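Okay, got some structures for you below.
Shared chain: chain A. Partners: chain B in the first complex, chain C in the second.
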Partner chain A sequence: MNSPLNALLVVVLALNLFALGTSRLVTVIKIVSLQGVLLGLMPLMIEEHVEWESLLAMGGTILLKGAVIPWMMMRAIREVEIRREMEPLIGFLPSMLLGALATGLALLFSKSLPLASEHTAPLLVPASLATIFVGFILLTTRAKAITQVMGYLVLENGIYIFGLLLLGVIPLMVELGVLLDLFVAIFIICIMVNHINQAFSSLDTRRLSELKE
Partner chain B sequence: MDMALIITPFAAALIAALLPSNRWRPWLTPAAGLVHFILALRAVFGTAPRTGGEWVGFDPAGKLVLLLVSTLFMVTSISLIGYLKSHPRRANRVFVACMLCTLGSMTMVAWSRHLGLMWVAIEATALCTAPLIYFNKTTRSIEATWKYLLIGFVGIALALLGTFFLAYSMLHAELKASLVMDDLLRAAPHLSKPWLHVAFVLMLVGYGTKMGLAPMHTWKPDAYGAAPGAVGTLLSGGVTGCAFLCLLRIYQICCAADEFAFVSPMLVFMGLFSMAVAGVFMVGQQDYKRMLAYSSVEHMGILVLGLGFGPAALFGTLLHLFSNGLTKGVLFLSAASINRAYDSTRIDVAHGVLRRLPVSGGLFLAGFLAITGSPPFGPFISEFSILNAGFGTGHFVAGGLFLFFLLVVFIGMGSTVLPMLQGREAEPAAPSMHRDSFWTVAPPLVLLGAVLMIGLWIPVPLNDLLHSAVEFLEVQP
Partner chain C sequence: MNMFIHLVLMLAMPPLLLGVINKTKALFAGRKGPPLLQSYYDLIKLARKSVVISRTTTWIFIAAPVVTLTSIAMAGLLVPLGPFGAPVSFTGDLILFAYLLAVGRFFTTAAALDTGSSFEGMGAAREVTFACLSEPILFFALLVLARISGSLALGDLLHAPLDAGGQGDIASLVLVAIGLFILLLAENSRIPVDDPNTHLELTMIHEVMVLDHSGPLLGLILYGASIKLFVIGAVLLHVLFPFQSGSALLDWGVFVAEMLGVAVAVGVVESTMARLQMRHVPYLLIAAILFCAFGFVLLVR
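Up next is the complex of A and B:
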């Protein structure tokens, strides 16, 4: 058993539900950035001796997910002057319940997964699956471009949690490459958000409906 | 030596970003394209043994994709000069730099023998191409880019999860986990089966999104419709080819793990489903650029179907990767000329193309015949070879459906293309200064020549390369 890690994972799961339940965009951004910082700390609790390489990857994760991305997103919403997510496809409470249900199912489901013996104890696999699912809910049921991006980040966080099982397998270069890609992705998205707002006077992606059969 | 292939495009991109002259900047693309092409020829057909260690290096499958990407880039970069000349007032700094970065990251995909590195490179191609799709800065291109980014990101994220699952399947089998292809192939027979299966499904969905397989193709018509023709060529021939290479990697691992029976039905289904969806949306299509996008969905389906038919169809599949990529170049580049002459991508506006643009119209017609699998063009040979292998391996129903969908697509595409090319120009035809010129005609003509040559006689070096790639993919370590 690795109790500090499990405790952190429980906090991550709670943050998922919190992100589903709130309508304030600033709160969602803060939640996702806190989640990013917690994820960045996790390798410390898994590895016995931390090497400089993993310290570098951890530092990069915390800096990017905890500071740089939230800063860029905050700037983006300040420029477009949007505060709240309105009229989601599924309401806030129902989506929170759906998220809780998904978390429960992930816990049950991962019991039946064949896991390597050293990994059966921690919550890593169910937490990863649940977080990925919550990311999907945010991505598909919210109308505002910013919230969809936060959904993508939550999805990415879920995948990161699974990646913790493979600590030391994924080389530093690849980890940094993934982070760099994420950074550029968010950078491009922020530019796009601005242009969407200018062209459509709104960040409601349901207005992006000119192209269809 | 191989390193130069990566450095050239990125260095040229850096120069493009720093160069102040809007007029001279576009010339960087053909210059870098030419250097890249010469280096690529040396890397592909040279006799030097594979270098670069375990992580990187050009194996035969990678060489094939490198050759395709480099050829397409060099040819399209020439048409780009004409394109940017006709938009002299628009800043092209970002556009040119992103074109070159796209070439660099596509080369990186072909070079990688490490699945993590390959994932990073694929994501990089998605990022570099987004500003290219957005180049026209209309509301339509905003919408297209947004969908491209969001759907693409989610797809690639799933592929990353699949990559992690694959590594975990090694860990689960109490092996030292690794994402290097050589290690994975060696360990393949011992991999934990359930994790391998899930990894394959996730990677099929993830990289399939990037290829544009149905039902994850929804970004494709929008993106191809909004992107300039040269970008459409790179996307439909190069980027999809890179994503297909990723799929080939996981396919090879599954085959080495003796799991062909698991992956084959899925590939056949995805292939036929993509063809069916493309057929449905192509019939009565009113927009010729969107029609080309659906044609791309169809041909991605054919590639995946070919994989599903097994080793017997590999030669045809790899040849089809090549012939489809080149033919798409002909179509997108000539469609770009038509678009410029009529300022519309709708077939009710673009009428009588053969009268206004005899050469581009003729090229579009030839491209249409080639892509629908008419002899004597390249896609005919490759499709025939896939079909042959399908029947040979007992896939009679799938083979029959394959033929049927080809027919549907032929009729659907023909009913869009032929009225557009023939007929009279719409009455007060919008006056346009655009006529066929060297820059717009020469690149698709060269590509058409290559497609025709593949159809009549596959050059010996290419044939050898294809055979060595088939051998490489078949060999079980």
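Up next is the complex of A and C:
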């Protein structure tokens, strides 16, 4: 039962590294949305008998992370007309290596965590730690507001993986609430990105600290 | 009997793969494309042409295509096709396999340097630089398979995915499959790494090294390159689609179909992706090394 889940999780880890290594925003958006779809499929592999409630949550996750959010992000970058992340604080190759290091350490350290025995065999915990860390790297080292949003999404994906440990315990309402929060956050950010672009004629967050009339 | 089919497939099928790749690319571009057997016609045409050899070259220039072809063909003998055994198999032959590939590369680059052309020297330098990164991919991948199977002979090691299915195994095999596919593209100078169609010396890797070869010698190089695609494709298939039905005929049929499938996949990648900038190629290769290394970490942790 765990093997297909682990296979999906390592694909998620691989996507993390590709997200760190590429400079094209469109590619990053595609990678993160693919990651979201894969995460949405995971409950199918964990639960033995799937109920309609979890199917609803799954469908919501896949629809939101795989279609709605990417669509909003694509729209946002089309309107502000940026294609690439030009000057990251840490280069693409070093940040990829950093992400790889984080993944390796997460794999090694998660073994020494005091986990319930049914949680040690699947890679859920290391994958979630690694994804959260990659999200942090994207958030902190990229200068463009859009890429930081992608970092936020990757971070959220990592937390979602961790949440899979509690599958079946979290009520449907909470899961849907989390999805709604995510949707609203991204929605507002996309509007803000537009406004930042109009006010500063750039999405470089380093310039936001300059005072302007 | 199986050994005979192995030899026939390995020697006769590779140019067809190039044809399938080109046909796939043509379909994507909305063209009709060259016939599937075009590579065979090309090889026959080249075999009948005369050779022009530069006066600055030495015997290495003539020996290189022969040595490259032979070493690749020998490497092909070590790799089992589908669920069948390899014609030659002994403990530790994975090292021989890696170094047979390296010998072929060494002679190709030596011949490129032998011409004294600066363009070919550049191509040779690039080929060797990227080889530094692509060899660890192969070794890590084989290491993972050796760990799963507990054997150091390619014949047994590559059959490990057939009877795998333990806890961490499938996860590592997925990672190794991604790594090997990137290796396939890099080693055969396919698109994200190198463009086999381009004839702009400044951006080529493999094609630029063989600019001075002509006639039958060029034919040998093209044929050797296609066998390399076949051999590395066979290694990848073991990880990607381990399949055994029990009936020999069906297994061979499935193997041939899978191989053509790999060629189609390469064609799809070539049609949908742009070539990477030369300085970005190492990122891709390092990512592939990391995937295979993770696969190993997953197994030993």
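The rule is simple: the second predicted complex is superposed on the first by the 208 of 213 C-alpha atoms of A that agree within 3 Å, B and C clash if a C-alpha of one lies under 4 Å from a C-alpha of the other, contacts with A are read in each partner's own complex, and residues count from 1 in each chain.
One rule holds for everything that comes next: contacts are C-beta pairs under 8 Å (C-beta built on N, C-alpha and C of every residue); 3 or more make two chains touch, one makes a residue touch a chain.
Because the structure is predicted, anything quoted here is derived from the model rather than measured.
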| item | value |
| --- | --- |
| Simultaneous placement of chain C and chain B on chain A, clash or fit | fit |
| Touched partner set for A:L208, first chain B, second chain C, both or neither | first |
| Touched partner set for A:I159, first chain B, second chain C, both or neither | first |
| Partner chain in contact with A:M96 - chain B first, chain C second, else both or neither | second |
| First (chain B), second (chain C), both or neither touched by A:L107 | second |
| Which superposed partner A:T27 touches (first chain B, second chain C, both, neither) | neither |
| Dominant toucher of chain A (residue count), chain B or chain C | B |
| Partner chain(s) touched by A:N194 [first = chain B, second = chain C, both, neither] | neither |
| Which of chain B and chain C A:V174 touches, first, second, both or neither | first |
| Gap in Å between nearest CA atoms once chain C and chain B share a frame through chain A | 21 |
| Shared chain A contacts, counted only where both chain B and chain C touch the same residue | none |
| Complex contact set, residues of chain C against chain A | 165-175, 178, 282-284, 286-287, 290-291, 293-295, 297-298, 301 |
| Residue numbers on chain B that touch chain A, as the complex places them | 114, 116-117, 119-120, 123-124, 127, 130-131, 134, 137, 139-140, 142-147, 149-150, 153-154, 157, 160-161, 164-165, 167-168, 171-172, 174, 177-179, 192, 194-195, 221-222, 225-226, 281 |
| Interfacial residue positions of chain A with respect to chain C in the complex | 2-4, 6-7, 9-11, 13-14, 17-18, 21, 92-93, 96-97, 100, 103-104, 107-108, 111, 121, 123 |
| Residues of chain A touching chain B in the complex | 113-116, 132, 139, 145, 148, 152, 155-156, 159, 162-163, 165-166, 169-171, 173-174, 177-178, 180-181, 184-185, 188-189, 192, 195-196, 199-200, 205, 208-211, 213 |
